[in-house]
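I have placed the structure first, in the form of structure tokens, so that the comments after it can refer back to it.
Order of writing sets the labels: A, B and C. Residues in every chain begin at 1.
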Amino acid sequence: MGRGTEPVVRGATAALEAVAPSPAGFHGFDAPTLVGLVLYNAQHFGNRVALREKDYGIWQEYTWADYARHVVEMALGLEALGFQPGDALLILGDNRPRLYFGMLAAQLLRGIPCPMYPDAIPAELSYIARRVGARFALAEDQEQVDKFLSLSEGAESLSCILYDDPRGLSMYDDPRLISCDRLQALGREYGREHPGVVEQRVGAISPDDIAVLLHSSGTTGNPKGVPLTHRQALAAVRNAYTAGYFGQGEDIVAYLPVAWVGDFTFSVAAAAALRFTVNIPERQETVLRDLREIGPTLYFAPPRNWDHMLTHVQVRMEESGRLQQFLFKKLIPLAVELERERLNGRRPQGLLGLWRRALRWLGEGLIYGPIKDHLGLSRVRHAYTAGEAIGEDTFLFFRALGVNLKQFYGQTENAALTAAQTDDEVKLRTVGRPLPGVEVRISETGEVLLRAESLFSGYYQNPQATEAAFVDGWFRTGDAGQLDEDGHLIILGRVEEVVTTATGVRYVPQFIENQLKFSPYIKEAAVIGAGKPYLTAIICIDYDAVGHWAEGRGVTYTSYADLSQKPAVYDLIGEVVRRVNAQMPKELRIRRFVNLHKEFDPDDGELTRTRKLRRNVINEHYAGVIEALYGDAPQVEVAARIVYEDGRAGVIQRALQIRQVEDGP
Amino acid sequence: MRRWVYWVLVLVLAAGLAAVPALAQQKVITFGFPVDYTRVYVFVAEEWTQGMVDYLTLMNLKGGVGGYTFDWRVVDTGNEPQRGIEAYERFRREGATIFNFISTPVSNAVAPRAMEDGVILLMPFHGRSDAADGQTFPWLFSLGANYWSQATVIVQHILEAEGGNLRGKRIGLVHIDSPFGREPIPVLEELSRRLGFEFQSFAFPSPGTEQSATWAQVRRFRPDWVLLWSAGPSQSVGVREAIRNGFPLDRLVSVIWLDEKDMNIVGAAQARGVKRFEAAVPGREHPVVQEILQKVYQEAGKGFGKIENVGSTYYVVGIASVAPVVEAVRIAVERFGEPVTVDKIRAALEMVSNFDLNGLMPPITITPQDHEGGGMGRISQWDGSRWVPVTDWMSAFRDVVWEMVYKSSAQFRQGQ
Amino acid sequence: MFYRECGVRHTTYAADRALAVIPFERALLVLLIVLAAAAPWIVTDLFLVSYLTPWLIWTAAVLGLNLLMGWAGQIHLGYGAVMAVGAYTAVHVARAGAPFVVAVAAGGLVAAVIGSLFGLPALRVRGLYLAMSTLALQVIVDWILVQVPAISGGAQATLLVPRPHIFGIPLVTDQARYWTAAVFTLLVALFVANVRRTDVGRALIALREKDYAAAVIGINVFYYKALAFFVSSFIGGMSGAALAFLYYRAVTPEQFGLNVSIMAVAMVIVGGLGSIIGSFFGAGFILLAPIWIEHGLRELAAALSVHISPSTLAHLPLVIYGGLITGFLLLEPLGLAKLYDNVRNYLRVWPFGYTKK
């Protein structure tokens, strides 16, 4: 495998040898650069598995030696094609080994790897491509190649489009297209012709070179480029490792978008520094099944995914046998109760405690263990969630199963890792303590401020934004939060999301929305109330969960839109809203709500790619609905513009019911 | 319905597995009777087993023999060697030392084990005919005329009926096409050489419910005498064919397997005159049978089967096949003293001498050489309602029989 | 419940196609093999001699028949005759002085030749017609055994089986016979399990589904049908020999009669066509259920002090046994293997009701 590249690797790791002559006692995050680490791993741990990708039905393995060889060959190939230091490499596609290799290859040439969300639309691509002046792009497959090709007007600077999967591309005759196989062949040739070039390039990389250029999701306006250097990325890994957040050699799953900071930190930076094995599912659709085969030891998923898993378990339990349901209904509440008490610092006492612990033990064999096994979580040592608040039910359910689920908090600008719950200090309302090496302060306005070695130094070619983001050397996260008496950080919501109603009441809509979304029947919710006399909500039902609920009750329906308008469904959702209202002060209760005939969709711009609400877009799209919510009418007509697959557009008229759940004062 | 199937299975299998071997009792001789109640030997198994068990019950009611009482295990084998072996292995572990399988294939399959294990295997009127050779088969006991002896007794009767001269006579053998059916052929061939009669065999295929083609050939042969060599349902078919072909029934002599039931199937009156080989006295007149009826059935109510069976042909054969063993137990206690072991019973069996159970059976004398006991029997004739003896107990041409026995046992030894 | 599949991943196709990929099943398999090896110390010798030994050998025979019926889809009503040919050949070869292993192999070989000879009609006929031609094999072999004392062992038609030796060690004890049978069956089971995974196995399955279609996709129908008969008869012959040497110790024609052939077919069908574990279940059920039902009833009658006449007691199990077979086949037409599979799936998806992809 490593034939022909070994001398390269040996020479290239010379710099690292000075730092760490032997692997003993050497921590990867003390190394200067990520590329150097990959080469170092290839030399010292060449036979260990670095990557696993499910392809053609089995898990194809790449050792660290393979990893390094691919990186070096791709880098040399890029150089042969004229890639210069400072050049950006656009990376577009699902998680594939080649995309990771490409990222490191660009780093090796002191270029800027710039991963993007695979479902990005050409307009987004075009914007970023222009911002970074990209000449090189790396696409996963035909679909992504097509996107790059359609950019021709805005990004005529694109001179070379590399692609990994050649399927469907044989008839393309655009001269800019080059397959990765061809690229690597070029690289090998180039390497033969230019001996010693790899050593030179490795020696030239500085820890302060940009390791990756990410883009903040940008709930408002255009995305901002967030460059992270090698030093910053490795500092983040060090902070997390010191906090016991990562172990050495974990098995992880790379299934979240490459463009997301977490994937970079987990699957590239931490993977190189702590020699993780990164497992790549076959396709996005097979993640759940592949997850079971992988059995990761460290698993991250956003709250949405955990909710989805819980819903999945509940739905399937409802279809299960009577015995299974009986055990599930007996044992799960018990475990949840025990877990809740444990988190509150109480241990089961006395005979009853003994009995309950015995049941807990029995349940591990009968219910908890099998469920974890089905979900692929039985080997998990660390499970994490972040991005938004997680529902208490979901959080407790998984902890009750015995999954060590914890929340962390972070932002792209700080390489995703700012604060985290630790094993013995999990508080339901907090996101944990700041990681070692991260300083957190709360500003007078209640905003969370940060200072850390892992923190970025400024937005990419955007001095104004950088100026606005820092105050006295502290980074403004934009999150409203507070520190509790134990130093745990509590996140309330976005600073700019704090809204005031016409009556002067201040609240964070996201907080109420999350409360609503903790119900398995509600997929998305938008709470309206800024400048209005009271609060109302637009709700998107969860098609699977409500559909299944309806089937169980003999409610017939034809489509999402039809189902959403059923009176029985309104009763169901109304009950959820009432329950949420019960926990709120009088003035923060939702008075009227409407079930939307469709889900919020990123393609319509209603959600960001990370599925955060774009309130301005929603206010604009559903102005009529919102108006009706503050009127008296029992229903509202909407004109839905739909675009058919062949590109034609049409308009559908639809009446949406409005339900009153809370009387006015 | 689904639950039902599971529960029955679970219950029955559990009970089967839980079957614990009965506790070994003091001073008890245990018999094993794994017989074929359901397949081939149905025609004989029920009455025969009843005869054996009733006789043993009678002995127990009379206080046993020499302080010993008898116990028995009965089970169905369905004539399957595999099930016979299972029953043998099970009963043996439950203490059974004397077996009678009333089935040739099962007896033959178990024989090697019995000889290895030192267990007495009774083979009266079935099993290996060469079991008569006590030297080769120390653990097998025929205790009655084997098929070769039966053939000689029948020929002796014919010889006497023809006035001592068979020269020029024609004797046919109508037999089922199986090793059992072909067994008498070499004996009859030898006798035809000695006595000068013409002999021919006519086989019909198993199961013998269709014999018309065979009898057409018999008719062409124009025999003076016909020997009927089969068992079970095919026997009545044979007699009926003989009637249909106008063969004189008093010249039709059957092997031991012909009884009242067969005669009733043919028609008791039409079958008048048919002769057969007989190994025990049928009917209820004999004092032993009387005693069984009175003590076992009327007084104790411990009869093993239907009272109508008592005294039938195969019932008395059953008595005759255990009575010598009971006699041997008596001898064992007397000669060797207690405790009575299977080895002692075996040795005592070889000392049974001139035992005829007050005339219920021909006198048998068993020696270490001769496990057949003399090979005696008699010919009886159906008079329309019962079997009437037409000869005394007799045996004949012993040299021919023994020649066959030694030839066969020599073959067996070869394989050992 | 016990089937934990998290973390079961395969990096090679060989691992992906392994015989047992779920750790629980692998453990179960090892446990069963250990139990089987230790059986002489666990169960009573009665159990060993009367149940385990014949059950294992019959399982080997049923595996052979299943290869033909379950995989290649060819009916065979003369399997008892094939076993008879193997048994008689082996016994005669052994009596001539050949070692046990050679004798068994010779039995298998001769049975394979004769078996595939009678399988030749399968190249032209199917279904009931094939049933008739295989039945002919049974009738002919029965007839020869009855008619030729030189083969069947003289006038008594009983042939004593010489004591088997393996590499010079005489197999005298019940334990030694049992172990030999167990190893034999294990080897046959492994062989059949592996045949299923090879191109041969797939070709046979294609044949079973439709031989014309198989021919169209390039399978040499003649070759594979003949091969199926050959291999199946080889296993059948060896099993017959094993039965003779390790269990019966004397061979008589009744041990391999038509009823035995039908029993073998019943074992395959009740156990489950084309299933290895089903062959174990089928052989066990057909062989042992009548015995255990009879014992069970007897004990039940004794426990409840109900007097049942011996004749009734002998016939009642037949009724129950027949009812059970019908019941099982109604419950699950695919045989006991499918019932096992149902339980296995139930536990595999536990606590859920079904698997969702």
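We adopt the following convention: a residue touches a chain if its C-beta (ideal position, glycine included) is under 8 Å from a C-beta of that chain, and two chains touch if they have at least 3 such contacts.
Being a predicted model, the structure only gives us computed values, none of them experimental.
Peer 1: Chain adjacency by touch: line, ring, star, complete or other shape?
Peer 2: Its topology is that of a line.
Peer 1: Contact counts by the stated rule: is the higher one at B-C or A-C?
Peer 2: B-C
Peer 1: Where the CA atoms of chain A average out and where those of chain B average out, how many Å apart are those spots?
Peer 2: Going by mean C-alpha positions, chain A sits 89 Å from chain B.
Peer 1: Between chain B and chain C, what is the separation of their C-alpha centroids in Å?
Peer 2: 36
Peer 1: Could you please state the distance in Å, as a whole number, between where the Cα atoms of chain A are centred and where those of chain C are centred?
Peer 2: The answer is 56 Å.
Peer 1: Within their complex, state which residues of chain B touch chain C.
Peer 2: 1-2, 4-5, 8-9, 11-19, 37-38, 46, 49, 74-76, 78-83, 85-86, 89-90, 93, 105, 108-109, 111-113, 128-130, 177-179, 182-183, 186, 304-306, 404, 408, 411-412, 414-416
Peer 1: Inside the complex, what are the residues of chain C that reach chain B?
Peer 2: Residues of chain C touching chain B: 44-46, 49-51, 54, 95, 146, 152-162, 247-250, 252-255, 259, 287, 289-300, 303, 309-311, 313-315, 317-318, 320, 323-324, 327-328, 330-331.
Peer 1: Can you check the complex and tell me which residues of chain A touch chain C?
Peer 2: My answer: residues 52, 57-61, 289, 292-295, 316-317, 319-321, 324, 327-328, 365-367, 369-374, 376-379.
Peer 1: State the interface residues of chain C toward chain A in the complex, per the touch definition above.
Peer 2: Touching chain A: residues 1, 4-13, 15-16, 349-354, 356-357 of chain C.
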